[in-house]
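Some structures are shown below for you to check.
In the two assemblies presented below, chain A is common to both, partnered first by chain B and then by chain C.
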Partner chain A sequence: MSTDSPAGTSAMKPARRAAPGGRRGLLLRLGGLAVLLVIAVIFPLVITNALYTQFGVDTLIFVAAVAAWNLFSGFSGYISLGHAVFFGTGAYTVGLLTEHWKVMGGTIFALLPLGGLVAALVAVPFGLIALRVRRHTFVVITIAIFFIFQLMAFNFAFTGGNQGLSTPFFLWTAASYNNPFYYVGLILAVGTIVLAWLIRNSQFGLQLLAIRDDEDRARGLGVRAMRVKLTAFVISGFITGMVGGLWWFFIGQALPETAFDPTFDLSVALMAFLGGFGTLSGPVLGALILEPLQQWDAITFTNGYVAEILLGAIFLVVILFLPRGIIPTGKELLTRWQAIRARRREPVPAGAPPGTGTAVPAAPKTGSVR
Partner chain B sequence: MGRELTEAIVDGILGGGVYALMAVGLTLIFGVLDIINIAQGILVVLGAYLSYVLSVHLHLDLFVGLLVTVPAMFLVGVAIQWAFIRPLRGRERTSMSLLATYAVAIIIEGVLYLIFGSNYVNLNASYVTSGPKVFGFYLDYIYIYGFALAVLLVAAIYFVLYRTQFGRTIRATMQDQTAARIVGINVNRVQMLTFGIGVAVTAVGGMVFGATGGGFNPNTGYDLISRLLAIIILGGMGSIVGAMLAAIFMITLEAVVDVLWSPSWSVVVFYAVLVLVLAIRPQGVLGRKEARAQ
Partner chain C sequence: MTALLRTDAVSKSFGGVQALDGAAIEVAEGSIAGLIGPNGSGKTTLFNVITGYEHVDHGHVYLGGKEITNSAPDKVFAAGIGRTFQLTRVFSRLTVMENMIVAAQRHERGQGRLRNPLARAGGPATRRRAMELLEFTGIAHHSGALAETLSYGQRKLLELSYVLMASPSIVLLDEPAGGVNPTLITMIADRIRQLNEQGTTFLIVEHNMDFVMGLCDNVTVLDYGTAVVSGPPGVVRTDPRVLDAYLGTAEDDDDIPVG
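Showing the complex of A and B:
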């Protein structure tokens, strides 16, 4: 049954443990990550064009959001299309607190954990209701709860209704205006990725993956499914809330339809699927590709409707041609290529049929499973 | 107040009948293909725009126009299923289908915006603005005709499902795809036709909605799909009777809250009821408990 699991327990784990080259492979990997991190850190110092640093902040916001989404949905298999609830809750919480306490300057970022906390508090009853059902029904309930929140933001007086909440003026220089947001976003993104890695390699993470593979069996083996799912949901909600708060500071205004935005949920899910649902690096890669693309799309096609059609077309192309995501597909191609290479080195057995072309693709199929 | 309340209840029941038709299409697609068609909402709007074009430019009567729009929407459905649903395979098929139909929805939405703009339009005919006086208020004929047509079509779908050979193959596919294949049912064909039928009803739903719903534009699709999803979940996914009852109940409830409390909160109540019911009965009112995944 695990032949088509994109990167679940069976496909990802052994690849990680038995990485080719062992220690050297690990060092290479760490070195690569360090280089990426250095590039990310110096990016706004080298490229000072505000347009590009703005792209950078947007992308980091989505990297963090997708990593947080994947930490719950990717690992547990429960597709949430209601994470905008946490995003918006975080944004509105931070917004109301900034207004109420008159916070200014760099200290505003200290409010982000509070935004996350309120989002996490929302996640508890949300999860207790929604996580009782599975598959489609779960997806639809997350959508329904999402709409309740969006409508509340429209209807309550304290949320500012249609007008939403605007940020006060932040007093830092215009030239490097984006930089504080960029670095806070980077911290959030890297922190979330590290957290996801820790979870992936913990017992808790294994329990989540077990739930994803077969919840009833996991339950039978002693996994307290509800508790595990809910914990992951709340953690994911906490981070998404912080990301929402950062987004509000950066964008400057939260409207009910932009803070609680249905396309946020779908973009996040699509980014995760593009890179590789449930893998560690896949969703990050998906966000790094899709968010700049969306921004470019929105800027290039000033006619918003054309941009929208193009976005839908990109979605469809991804779903139809890369259904399992870049990372799992890439890994499979790599394994296949290695198998072909290994086969070439060995002499062909005397009794082999002449049409070896049929034998070659068959072998790596079984090889990549276990 | 009493008169307004009666009016709300009557409007709710009649309007609910139309929602029932759209929801039956959605739940049928779910039952047979095991996917949720997020595009159902925008397809209703597309159906409404088709009726609009026929009535404004070709001066066809709205109900006569259905003879064109229903087959057209059937073909649209078959095409969507063939191009974007059938290729999906594997374990994440469910989630991929959600994303794929959503992508279809935003493409259709964008195209509709390009052609028709964002202005609200209404379908018009003599019977849209006139009608008999019942219980002390005027009830436009379109509500009555639309409701009658919806009831007729739901009954027809019911008849096809439970009294014909084709319906039997659909029900077999709903129950167990593998077993259906084994007994010689062409599951691919059944899925394609079911998707077509499920989308074809949006032509009727769209026409009646466009004439009664107080105007529509391409953005209306979101409103519709979120309501329809709530309805089929409440009724129990895949349950046709459940979808019908839930549609009438929910739309009536919304209309009543509209009158008794405020229009801006009625939609919240709508979703809150859904969440409450599911907290008590996760599989929906008439749904079966989900079987263990294979």
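Showing the complex of A and C:
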């Protein structure tokens, strides 16, 4: 009844997708990543100034958070401004469990997956409600649900109300106090990036990207849109919950307005947009640029307004000159530059009328922007 | 011949507009069926109702004797109905090959073993099949290009290709020849015939009368959401009710059928 092999096909050719940039490009890329990883690992060993290692922890927390956010919002196109729900839920869960079980020392980090788990459980009904609508409506619903959670944190007895939850004292040497947080943050950040990469190349990831481009068309090609979106939302929530737990240990106190912080989602979204929304490396790059800058800004200009004006100016520049983000725009410029170089090198083919040598078409866009 | 796809007195209204009014059509298994009618006669709405994009108010839809009324689009696709859209809808920021793999999911499943959910999309078998189909439609050399870089005609071919990934028993084409150059129209008609010879059934909405009359075994005319005439092209072409349907609406001058 159905066709298994259409008529008129020529010899079957195995479809091998060439890695963008070829083998050399791939090696170069892997090498670059290895160097970055080594730098990240030895950073707190070389730079022992607590101020800078603190910058490092904050940055890694945001790298993990933005990678988790992008894994849902960037891939599916559903922009969530309610991920602080998961961040806060993770922080409070870990906080309450630490208090209840009187956990001390390095074992506290074992509680992080539990924080993630509770955040993921929250993500299920949250997603089932919010993912029924799209675009602007989805954004507004996520904000509304976020405020419900912040209100609950303020008003329930078990959350400590206005007082919030404070961490126990950790008996680590002051000199390398930040290091345990740093390395756990690094594991979370790298783990999330690897997971996002695996998802990007999987059938599940392709379905998410198809939903981003045209959800109704995707459904008509067999994509179970709700299931796919919800799964990504829950995975993203799980990681954000763990990140929130780590943040609580590091900061030492969770208040309703800092654990459920409306500017958390704005920062995460801006980092993703700065680097390149929906790409793999863009959001990470955005976090690596923006978070240290924000920290440096805050301590350099003690008058808070100057710091904010400076950040605002940077955003204006980004929107004016890099509207699609650093990675996509940079890649486009690179492709254009390569095309110009190729055109200059290309000799005029023999027998061709003069002038045709310059008509070499620009390099075709191959592969999605990573 | 038995009917592979059948709609039974399907009605659908949008507010005060009765888009479908007891529309009953039958598509025989192994045939190429045409669906024509003036603008606004409910052709696309009927497609939407069959493929689950719209819910019916009344009536039933059957595929091979099984009722599929109001099934979700992904279930309809899994049941064996593929469709294209009037305005091409490809995944513009994915490559052509990735577009194909999106539609392939059902194809790879059911191997009995649990699949690794994070395995690389598109195994060798899927990619080989995708490449075969792309060669069949003539856009294989674009497999690595982003779909947004394709021309309009190439997008139409990509739509036809990815719909075929799941080996549907029936394919619904919404204006496959619309806005496409004459050479490509001939090629698309050729491909449809070849697929049909191998057993795929087609239901085609089209305004290009030469295309419809030359290709289809059976043509159904829709007017005001009701199927008024159904029969072989030669019969439908001369039926007074068809001329009436087309000439009855003053705005649709360019849709006058041949003959």
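FYI, the second predicted complex is superposed on the first by the 325 of 370 C-alpha atoms of A that agree within 3 Å, B and C clash if a C-alpha of one lies under 4 Å from a C-alpha of the other, contacts with A are read in each partner's own complex, and residues count from 1 in each chain.
Please note the rule applied: a contact is a pair of C-beta atoms (placed from the backbone, for glycine too) under 8 Å apart; a residue touches a chain by one contact, two chains touch by 3 or more.
Here the structure is a predicted model, which means the values were calculated and not measured.
When the shared chain is aligned, chain C comes close enough to touch A:207, but chain B does not.
Of the two partner chains, chain B is the only one that A:132 touches; chain C does not reach it. Within the superposed three-chain model, A:154 lies in touch with chain B and out of touch with chain C [touch as defined at top].
Once the two complexes are laid over each other on the shared chain, residue contacts for A:198 go to chain C alone; chain B is not touched. By the touch criterion defined above, A:216 reaches both chain B and chain C. Of the two partner chains, neither chain B nor chain C is touched by A:104. Touch criterion met: A:270 reaches chain B, while chain C stays clear of it.
Residue contacts after overlaying the shared chain place A:225 against chain C, while chain B stays out of touching range. The contact surfaces that chain B and chain C form on chain A in the two complexes overlap at residues 4-6, 214, 216.
Residues 1-10, 12-18, 198-199, 201-207, 209-210, 212-214, 216-225, 364-368 of chain A are the ones that touch chain C when the two sit in their complex. By the touch criterion given at the top, residues 29, 51, 53, 72-74, 76-78, 80, 82-83, 85, 89-95, 97-99, 101-103, 105-106, 108, 117-122, 124, 127-128, 130-133, 135-136, 143-146, 148-149, 162-169, 191, 194-195, 197-200 of chain C touch chain A in their complex. For chain B in complex with chain A, the residues that touch the partner chain are 30, 36, 84, 87-92, 94-96, 98-100, 102-107, 109-111, 113-114, 222, 226, 229-230, 233, 237, 264-265, 267-268, 271-272, 274-275, 278-279, 282-284, 290, 292-293.
By the touch rule above, chain A contacts chain B in their complex via residues 4-6, 79, 81, 129, 132-137, 139-141, 143-145, 147-148, 151-152, 154-155, 214, 216, 262, 266, 269-270, 273, 277, 303, 305-306, 308-309, 311-313, 315-316, 319-320, 323-324.
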